[in-house]
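You will see two complexes here that share subunit A, one where it goes with subunit B and one where it goes with subunit C.
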Partner chain A sequence: MKKIFYIFLLLLSYFIQGQSKYITKTGLISFEASVPSFEEVTARNNAVTAIINTQNGEFASLALVNGFRFKNALMEEHFNENYAESSEFPKTTFKGKIIEFSLKSNEYKIEGDLTFHGKTKSLKNIPIKLEIIDNEIIMSGNFEVKTSDFEVKIPKIVANKVSELVKVNFLFKLIKK
Partner chain B sequence: MKNILVILIFLPLFSSSQEDLLNEIDSDSTINQYTIATFKGLKIVNFESTKLVAKKELTFVVSHRFGSIENGIDTFFGLDDAVTRLNFIYGLTDWLNISASRSSYQKIYEAAIKYRLFRQQENGFPVTIVGYHSILVNTALEEVNLPKLEFKNRLGYTTQLIVARKVNKNLSIEIIPTFFHDNLVVIDEQDNSQFALGFGGRYKLSTRWSLNADYGWHLNRASNSPFKNPLSIGVDLETGGHVFQMHFTNSQPMNTNGFLGQSTGDWSDGNIYFGFNLSRTF
Partner chain C sequence: MKKWKLITLAIIIFAFIGFNYVFKDHRNINKEAPEFKLNAEDLTTEFQINPEKSETKYLNKTISVSGVISEIDKSGVTISNQVFCVFDDKAKLEIKHNQNINIKGRFIGYDDLLEIIKLDQCSIINN
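Moving on to the complex of A and B:
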């Protein structure tokens, strides 16, 4: 009887652990580095993996750099070959924590480390919105980064067409694991 | 026994607090990415590269080959005798292109298809293989000069297999086995069916500049043929929306049958042509 109780407890503990994680493999990240009145420089990736642990508010996401789709194929090739150097640095990741996470409120702030092009930049106080519906958490927000934070060089010849300030939007529909 | 159970029970709790969430989703450590940017232009210089126009995109390429520079200022280094080719290439899919062009050299119209069979992968297939076929119509031939001329005499065909490998970040090389056929050849002794082996390469000098060269080795040229093998050297300049190619070549014609079969220039005596290919994608 005792044994069964322990086994039950054992299973329960794994079960509980499984319950506290929400995951998606079809998260969306888009960014824009356009300059007004010039050709739009924007791309989106809708195969981003993200995971959240509701026990402690930890969050992580991962995207393949060559999964970003641009308006035209040549721009996408330039981005991968000369800016992001995606064959050398194929992944971009974020690892961080939602501050004062409680599952009660809808608005939080997140902080953590964003890695892109082999360089890591820590982000602080990024406001996010969380909607919790049954087995789903919808997380969204946006922030800005500079290309120089990640040692991405913009050649002089296109400097007036590509913004150094990049706006990033994200939207994750995380489903209970 | 009890202790082990207790550990087992609490293990998940410990592990969940210590384990890295990122590692949990970062499972596939080896990614089999396709190699990108082997060549940036649709052509190396004269030879086709393995690059294709993307799906539903239209690329317009204007190519010029000026006259021979050997006449110097008299023809303004060849500017007076320029040959122009206008080429429209459309991507039906990412792996299948169709194109139509008109060259002022012998007033040639050309229609072509280009398709990709294999793609080089970072940790997989070693080369990219592309097929290219075209049909040409020489509309400059005059019946006044050639009374027995029939329409079929104006036609020419090209078939190529283009094999390229990006060796490293900066160097890409290509080999192009070619078969081409002209229904009418200038020299009687010349076989109508001709074979050639093309060689080409791109070396990146910086993020926007690269050095390009290609050479065509004709395998069954008639012994009394005045024509030479084409050698071309140039640079690519990338400016975001397009690629600008500038080069020197001993071939003024730009269609495959032309530059392989009828190049008259000669590097050894300075009889070469300056030219450029300018592409714009819509």
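Moving on to the complex of A and C:
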């Protein structure tokens, strides 16, 4: 009887472990650094990878900088060449943890390290929303960062057209793997 | 009088060039010829050997990759479990699992979380 119990426990642990990761390859991140009454400075990337480990609430995300698309082709070129320097720093990542993660509530806070342009900044208490539907977790939220946190220099000539404060939105539909 | 005409003409030409520079079109990956033609396995092997060097080699270039469809997502397909291709408009495509396919797209980078290669603005090449 004891043996069966242990086998059951082993199977259960395997079961839990096997189902603890939720993944997406097509997450959406958009950012905006517009200044009112000037041309909008906004871009979106719809091929962002994100992983949640539901056992401990660990979260990781990776976006390829070249995947950010602007409406204006010249703006996209300048973003890649002068601001993000995407040939030197092709990735932007976030690694962190959802605080008091339980799968029971819909609102959490997340903290972790955001790396962009080769510089890392710690983010704390970013509110996120989680919707859990069967095999899917929909995670969304937004936060603000400063260009100076990542040593992104805005040339004086366009300084009044590009905001120092960048609004970032994210939306991930993660599927159980 | 002739001088004024020349100046006006020059202004119009510069305005036209300037306008085209500021509002130039996006690259049309669909119309570009691929700089590299590979199959998914060979490309993946290159990244397993040296991910950083390979990334620099292909970054922002148009490449074509052939292989078998292993996964279909809402906005893209995965070839041979290793190369993820995002289409601007996937709705029109008629594709199925395990089908052999040749895809052209822009290499946007190597995702070391999932160890996959990502392409965007993809299109299917008909042989």
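We take it that the second predicted complex is superposed on the first by the 161 of 177 C-alpha atoms of A that agree within 3 Å, B and C clash if a C-alpha of one lies under 4 Å from a C-alpha of the other, contacts with A are read in each partner's own complex, and residues count from 1 in each chain.
In the analysis below, a contact is a pair of C-beta atoms (placed from the backbone, for glycine too) under 8 Å apart; a residue touches a chain by one contact, two chains touch by 3 or more.
Quick caveat, the model's predicted, so the values are computed rather than measured.
Steric overlap between subunit B and subunit C is present once the structures are superposed on subunit A.
When the two structures are aligned on the shared chain, A:P90 is found in touch with subunit B and with subunit C. Once chain A of one complex is fitted onto chain A of the other, the partner contacts of A:L62 extend to both subunit B and subunit C. Applying the stated contact rule after C-alpha superposition, one finds that A:I157 touches subunit B and leaves subunit C untouched. Residue contacts after overlaying the shared chain place A:L103 against neither subunit B nor subunit C. When the shared chain is aligned, subunit B and subunit C each come close enough to touch A:T49. In the overlay built on the shared chain, the residue A:L74 is in contact with subunit B and with subunit C. Using the contact criterion defined above for the overlaid structures, shared-chain residue A:I23 touches subunit B and also reaches subunit C.
With both structures placed on the common chain, the touch criterion links A:I133 to neither subunit B nor subunit C.
By the touch criterion defined above, A:N82 reaches subunit B but does not reach subunit C. A count of residues in subunit A touched by subunit B and by subunit C gives the higher number to B.
Subunit C runs into subunit B after superposition on chain A, and of the options 56-64, 146-154, 164-172 or 218-226 the stretch responsible is 56-64. Taken together, the two complexes place residues 23, 49, 51, 60-62, 64, 66, 72-74, 80, 86-87, 90-91, 93 of subunit A in contact with subunit B and also with subunit C. Put simply, subunit A touches subunit C in their complex at residues 23, 25-26, 46-47, 49, 51, 60-62, 64-67, 72-74, 76, 80, 86-87, 90-91, 93.
By the touch rule above, subunit C contacts subunit A in their complex via residues 21-27, 55-56, 59-60, 73-76, 78, 84, 86, 106, 108-114, 116, 118, 120. Those residues of subunit A lying in contact with subunit B across their complex are 6, 9-10, 13-14, 16-17, 20, 23, 39, 49-51, 53, 55-56, 58-62, 64, 66, 72-75, 77-78, 80-82, 86-88, 90-91, 93, 95, 153, 155, 157-158, 161.
Residues 5, 8-13, 15-17, 20-22, 24-26, 31, 33, 35-37, 40, 53-55, 57, 94, 122, 169, 207-208, 238-243, 281 of subunit B touch subunit A in their complex.
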